[in-house]
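The two complexes that follow have chain A in common; it is paired with chain B in the first and with chain C in the second.
Let's turn to the complex of A and B:
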């Protein structure tokens, strides 16, 4: 019984140490990258629950960003980069600076940190913002609801 | 026979698991119930840690007991995330139930229910709508009535391009 209790204590301490080590206190900086792509809402676009690109989905992308769903940059190759900061602005939840640029085609410079299947991006500078250029409404109804 | 119809729902209720995530049929989704610590993602990744996980201004994640960091991107309110639901538990370990979507391009988690400990009841993740209603009044569709949405759509239009209005697709 005592041995079992000791084992649990050791296991708990090892687990706590592992979790602590995986919670970055002084993490190494991520890679410097330049990423080009469309700003999308990370729910509709990833899940494919509806048509979710360009002008036809712009309104919904604004809804989702205003609802606090993370914004990502989706590249032409289909990679996603979840944006957690733009410049000095780290208000990444329902902040106007994040909401207003939904569906824009951008080219950004920033720090990339990959962890557990997610590419997190801390944008240092927006190098280019072309606005909304993917005119998907010409071929698709407004998504969702058609209006 | 009448007892059969009375008892059937009861038997079904008892036989069903205590809780299971609502499936959406999304590619790569799987129901995932686990214990995790609520964390500020930027804090976990870069050691930049304001008080109270950024007070609702930062995206939150779930750090599991085996060290996996899950991005909690969605709650149970239409078109809304899970920050309102998770923020009260910043730094605490809770139990979550929902959908883990391990798309090869990005892994995300939809938090559908949370509970503080196994002896506490599950809470559906609808805090966004509750908080929105308390601030703005009861909506028909919060996403069409939200002040920030109205401001942005008012400035740039439904299509995101000033002066361009929707028309019937070709």
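Let's turn to the complex of A and C:
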């Protein structure tokens, strides 16, 4: 009887350890993806309230990132991936690292959660950072306030 | 002995399944948080004042020339489509322009969209806190020749918060009322 009871305890502990370890490895369940595109501030871009790409919009993009507005990666196909975490940082939307790389063309690896048509991205690693390559200021006014 | 092992395996599987079913939503804490604001009736309102109801929250301002009227109309149409199920939802309009949007101004404004829509305003500090919690974009534009007649660019999103007050989903601008109603209904069915 004692042996059976001990067996149950061991099984329960092993079970709990398994559950714990599987959660620790997968804190953000979603499809593993690699996404390439320009880092933009989500609301300016999605709502279309102003021209919002490349160098012409860089100033505004930095303000938004610094202010905690969600940053997205906009792909060449025009799809938006809202970045909710980068690396170990769990507060990416107001993270200084985004301020430094806003408007950059990046390639990232992460986990994707799609919900009701919105794509949320938990970035594990920035694989490539090409810097600012979209030189839109040559043909567009600086938004939102001009130069 | 075999039956004991089977029982043990079944219990373990059930335990794992139960724990996994309760796995936290990775998006739950990404948007939203506590707020304390003033309603259109002058009453103090917090996020904890609506137990048993979902919150459907929109940030805007009453002088908004285009986006807010369209979005609030869509919201009210979506709520109509939900019929009696809409009673489980408290729609909120939170101003991003506390300077001009006093409780009575907000009240007059929201009443033209839906009698169920509750308008909220507050001090600039209180609004700032709510805006920050929901990660709302807003930029004020002040015309040089008419500084009183300023405009505010702002996010145009509906935030659906669940019965536990946590974030469930974003419903963006340009979502048709039928689609919005269907999205909300899917969450009502789960909780």
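Going forward, the second predicted complex is superposed on the first by the 118 of 147 C-alpha atoms of A that agree within 3 Å, B and C clash if a C-alpha of one lies under 4 Å from a C-alpha of the other, contacts with A are read in each partner's own complex, and residues count from 1 in each chain.
The criterion applied here is as follows: a residue touches a chain if its C-beta (ideal position, glycine included) is under 8 Å from a C-beta of that chain, and two chains touch if they have at least 3 such contacts.
A quick note: this is a predicted structure, and the numbers were derived from the prediction, not measured.
J.: In the overlaid three-chain picture, which partner chain does A:103 touch, first (chain B) or second (chain C), both, or neither?
T.: In the superposition, A:103 touches chain B alone.
J.: Counting touched residues of chain A, say whether chain B or chain C comes out ahead.
T.: More residues of chain A are touched by B.
J.: Just checking: does A:64 make contact with chain B only, chain C only, both, or neither of them? Give me first, second, both or neither.
T.: both
J.: Applying the document's definition of touch, where does A:119 land relative to chain B and chain C: first, second, both, or neither?
T.: first
J.: Pick one for A:43: touches chain B only (first), chain C only (second), both, or neither.
T.: both
J.: Looking at chain A, which of its residues have contacts with both chain B and chain C?
T.: The answer is residues 15, 18-19, 23, 27, 30, 42-43, 46-47, 49, 60, 63-64, 67-70, 84, 93, 113, 115-118, 120, 122 of chain A.
J.: Quick one: which bits of chain B touch chain A in the complex? Just the residue numbers, please.
T.: 24, 26-27, 29, 37, 39, 41-42, 44-48, 54, 56-59, 63, 65-71, 73-74, 77, 79-84, 101-103, 105-108, 110, 128, 142-143, 146, 148-149, 151-153, 155-156, 158-161, 164, 166-167, 169-170
J.: Under the definition above, what is the set of chain A residues touching chain C in their complex?
T.: 4, 7-8, 11-12, 15, 18-19, 23, 27-30, 41-44, 46-47, 49-50, 60, 63-64, 67-70, 84, 93, 113, 115-118, 120, 122, 144
J.: Where on chain A does chain B make contact in their complex?
T.: 15, 18-19, 21-27, 30, 42-43, 46-49, 55-56, 58-60, 62-64, 66-70, 72, 78-80, 82, 84-85, 90-96, 99-100, 102-104, 113, 115-120, 122, 131-132, 137-142, 147
J.: If you look only at chain C, which of its residues touch chain A in the complex?
T.: Going through chain C, the ones touching chain A are 4, 8, 12, 15-16, 19-20, 23, 26-27, 30, 67, 132, 135-137, 139, 141, 153-157, 169-173, 183.
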